[in-house]
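To start, the structure itself, in structure tokens.
Note that the chains take the letters A, B, C, D and E in the order they are written out, and that residue 1 is the start of every chain.
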Amino acid sequence: MSVSDAAECFALKEKFKVLWINVDGLHETGVIEKLGELFGIDPLTQEDILHTGQRPKVEDFERYLFLSLQMLDFNRETGEISQEQLSIVLGPGWLITFQEKPGDTFDALRQRIGSSNAKVRKHEADFLAYALVDSVVDHYFSILEEIENRIDMLDADLMATFSQETFNALNALKRELIMFRKAVWPLREIIGSVARDDFAVVGDLVEHYFRDVYDHVILVIDTVEVFREIVTSMHETWLAGVNNRMNEIMKFLTMIATIFMPLSFIAGVYGMNFK
Amino acid sequence: MSVSDAAECFALKEKFKVLWINVDGLHETGVIEKLGELFGIDPLTQEDILHTGQRPKVEDFERYLFLSLQMLDFNRETGEISQEQLSIVLGPGWLITFQEKPGDTFDALRQRIGSSNAKVRKHEADFLAYALVDSVVDHYFSILEEIENRIDMLDADLMATFSQETFNALNALKRELIMFRKAVWPLREIIGSVARDDFAVVGDLVEHYFRDVYDHVILVIDTVEVFREIVTSMHETWLAGVNNRMNEIMKFLTMIATIFMPLSFIAGVYGMNFK
Amino acid sequence: MSVSDAAECFALKEKFKVLWINVDGLHETGVIEKLGELFGIDPLTQEDILHTGQRPKVEDFERYLFLSLQMLDFNRETGEISQEQLSIVLGPGWLITFQEKPGDTFDALRQRIGSSNAKVRKHEADFLAYALVDSVVDHYFSILEEIENRIDMLDADLMATFSQETFNALNALKRELIMFRKAVWPLREIIGSVARDDFAVVGDLVEHYFRDVYDHVILVIDTVEVFREIVTSMHETWLAGVNNRMNEIMKFLTMIATIFMPLSFIAGVYGMNFK
Amino acid sequence: MSVSDAAECFALKEKFKVLWINVDGLHETGVIEKLGELFGIDPLTQEDILHTGQRPKVEDFERYLFLSLQMLDFNRETGEISQEQLSIVLGPGWLITFQEKPGDTFDALRQRIGSSNAKVRKHEADFLAYALVDSVVDHYFSILEEIENRIDMLDADLMATFSQETFNALNALKRELIMFRKAVWPLREIIGSVARDDFAVVGDLVEHYFRDVYDHVILVIDTVEVFREIVTSMHETWLAGVNNRMNEIMKFLTMIATIFMPLSFIAGVYGMNFK
Amino acid sequence: MSVSDAAECFALKEKFKVLWINVDGLHETGVIEKLGELFGIDPLTQEDILHTGQRPKVEDFERYLFLSLQMLDFNRETGEISQEQLSIVLGPGWLITFQEKPGDTFDALRQRIGSSNAKVRKHEADFLAYALVDSVVDHYFSILEEIENRIDMLDADLMATFSQETFNALNALKRELIMFRKAVWPLREIIGSVARDDFAVVGDLVEHYFRDVYDHVILVIDTVEVFREIVTSMHETWLAGVNNRMNEIMKFLTMIATIFMPLSFIAGVYGMNFK
């Protein structure tokens, strides 16, 4: 684990109004404990940060807000979705984020912070939290696009052949969609709660922005559901195609048998040895 | 992008009581920004207008109401439903609509405005918003009719042949219905909210009219669901037909084999070379 | 369109306490407009009356209550359910009903009114509305009975043969059940609302009676759902039967081939021309 | 119809604090009318008592509470569930029950009342109503046990053979579960309402006991759902088994054909008459 | 039944602040009755403790809280989940637990109590109840892990062969998941209620801890659902594989027949006895 350039962070605080500490990797629990002491983070929250693979959640501790969500990534080669837990502890004027491994999801955001007239530099810590959550949810859309490409590709395959490989690929995709849904479904409630409820550390303006993220989350969930239905219907197409092809084969076999069995019989009759 | 005859719009304002600006195409963001400044439209709303493919939504900004919905169109040749986002910004006495491309959905409405004793000319901007939403929802019914025709056509096909083409057409229809449902489902909540909640810019009378649109939306959703169930049951008919036909073929093959195999054997016996 | 014996209606008013006007057929919109003027019926309600095929609804206009529902009829020969919209406008002391075509559903009710000591003659207009709705819902039960007979008949067919005709009949029945459900499902909410809410023109006693109709509606919906599940399970039986029969055929074919192929080979060996 | 030993009932009242009248059979409506007059039972309730096959319901008439539910019985030979409506009218200090035919479900309860130190003798009419409902719900569990036995039996059959009979038995069981669910599902709401709402004739203590019945009802419903899922999965096993067996047969047939067709051809070649 | 070292328990009370009595086995009802008298436990609660196989529940009796849940265990050899009811009676300063048989689930917890600076020793009885429920829910995760292993194993099998055994194993797993879900589903509501409602005997701090358990329960339920969907999709893979393999076999058979039937016929023709 390494506190990613804490010095830089404190420097940021001066030009910027927010202290952002990003922790990559969760092996050295000491760092988390120390941060917990410094910022008064509840032991239960510390446990939630350490136990990855959790269900996304939001919890209000009055002096800070704890948010955890799953960052997803689509591996184009294996077609698998990997997930990594992002924990956000948002206090008044400060924000600590915990990631499982050094990630690059926020590089775009960091660059935007770097540029002097960035929108994010004019706001408080709650806006930075919004920007982080927004970039995570935006990344979901890029995964959905990858999945859409994969669906189109499999659709073309489906028209060409009805191989077991296509079917297995369809089923693998279905499972990824099940995992995807499991990771984003709870966000409906969680982001909705941040946008609706009066959490002390989230200002009215940022609540307004979170309402926007909420709309995106709903769109992601709707799209995942639509993809699931499409994959199910492709699966049915596959089975129907196999059935249909079997039908064709049987028809051909029957035709061959219907022609040659009587002919062979007639030939056999003329091959008989009595007159 | 072109502000469609703004001059005409301002002229309308004089004889009419409402300023309606319709923007076709969203390429030149400058126009939207300028309109945003003039009418005090929130940057978030401007973003929602530009990012098409959004989930339909309603948002109350007190000095205006933002409504976005999906206009659908059925392409009779490909059998595909295309969608285009319509964003409506409704203020007191003015209304701005944004479409993705120059559309003709509202031509009928414009003509009605043209005629001097039109009902729409006697009302405020909120009534015009209602008339627009109503014409979008009414167009859904014409798509449903097209789909019903297609279902009837496929039903006739189904009785005649059990070809893979019929099955693929059924599956394509199923997907269009999935997309259709995705586009109209959120309207239940959205139009319901306009009809129920007290939005500052929507008068009581027009709320009453929106209740009517709400009923239509529910009818559209119910019909889509019924169509989905019918297509599913047609899909089952197809599979059952293929299975049944395979059964017939197998019966025939077995009959042929049962007759000629023993006969061939007997002929073979008599063809043997020993006595 | 013909106002069914308005004279008789007005006569009824004297002996009876209620004015009931029944309009059959909706072609001449003039009559509806005139009635609208006389009784102060909102233009939106008039539109709802004219546009048949609507979703059942209830709407309170304070000086009257508008109720629309679907009268269903089962055609024993085709096995199809036809539907006709019944619109009821209930005011204080008067009731206007609109039907699509001259129907005989209410003949039994009319006869009951004719007899001098009928329960319905001792009550107000709201009780008459209840009696009408009740007779419509009661008719649903007779359709359910017809459907049950049909299910029993198909069940017997299913045991005897696994023909494509039986399957098609099952699927047709399934569709009728889908349509049935679409027509009665909204009544749950609508009749519930009449029974629960305080509508000005519905007295407490009649609300009580509507609670009874509500129970019947729930029973109808439950039964339709049960029938749908039964038809689905019959559909599965059909498919299983076809699969099973195919299995039998294949077994027989394999047996024939297993016996005669080796025998034919042996006969062929002995038919060879070298020693 | 016979008032079951009214004398005994009145005698009971003396030693006991409750008047319980049990009516078996509903043919002679006169008895019901007379009881209705004596105890002030609403005509609507009387109708509900006479029309059996109703959906279970609870209705509060302030001076009495009307409860109707379905007593179920499992016929071990046919494997069918028969149902009988039990209507309970509970007033302050008295209780009238109506059954369709002379039943023996309450014999155990009657015996308990007979024994002098029975719990039920120390309580009011509402406790007796609880005891009756409890014994009906307890009987559901014994039916569930019978169904479980049947499932185990069919499971054993399934492993041994994949006959159409097993499939039909599975489907029959599925239907009985559908009927079962239809009969018990509404109890969730009804018993919940008795346990929760403040009905005048149900004391706080007995409400507490009804909470216990409510838990049992939920357990019954959960178990029925689980059984339905298990039967569905058995149905899939059957189909998979048939498919698999067909596969085996085809493999065997292909093997036979692959061996003997070339051999027969070779024999045929050597049987040719030219050199 | 044996009160597990009551002496030790009382001793614990001194160093510790809580009296914990654990009862293993429910055969001797006398012990339960005696404890009931001593601690004022309601007869209904005593019945709930004795009747195992209940639906998990929570009930507030003001002077104590009654909680029952199902401890599950996965038998690695048979692949079956066994369940055992755990009843917890939580009063102010004391806690009684009832298990069906001497279990070892709480051994880890007992050891933690043994160590002098354990967290659990610094808290009240409600914390001990939390620790018990937490350890039960934690054990669910270990079962989920076993199930995941089993799914992975079956997945490998599935790729290798499409035997009936694999299918039966899949179906057995499906049933275990159905039972699992039945046992944990009600916990959603129950643990939620403990975490949310103000029960007299549960302090604010412990409510907070229960909120954590609630999150775990939701994660367990979500995971069970995901596993069910995965098993369903594996089941479809199996069927598709069987269908596909049948297709291959048929293709081969048809090829053989197409080659050798005409050849045999030609050989037969040359074997004819006329010139």
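In the analysis below, a contact is a pair of C-beta atoms (placed from the backbone, for glycine too) under 8 Å apart; a residue touches a chain by one contact, two chains touch by 3 or more.
Here the structure is a predicted model, which is why all the values come from computation and not from measurement.
Think of each touching pair as a link: the shortest run of links from chain B to chain D has 2 of them. Among the remaining chains, not one touches chain B and also chain C.
Residues touching across the chain C and chain D pair largely diverge in numbering: under half of the numbers involved belong to both copies.
Centre-to-centre separation of chain B and chain E, using mean CA positions: 45 Å.
If you average the CA atoms of chain A and of chain E, the two centres end up 28 Å from each other. Within chain A, the positions touching two or more other chains are listed as 243, 246, 250, 253, 257, 261, 264, 268, 271-273.
On chain E, the positions that touch chain A within their shared complex are 208-209, 211-212, 215, 218-219, 222-223, 226, 229-230, 233, 236-237, 239-241, 243-244, 246-247, 250-251, 253-254, 257-258, 261-262, 264-265, 268-269, 271-274.
Residues of chain B that touch chain A in their complex: 44, 47-48, 54-55, 57, 59, 162, 164, 167-168, 171, 174-175, 178-179, 182, 235, 238-239, 242-243, 245-246, 249-250, 252-253, 256-257, 260-261, 263-264, 267-268, 270-273.
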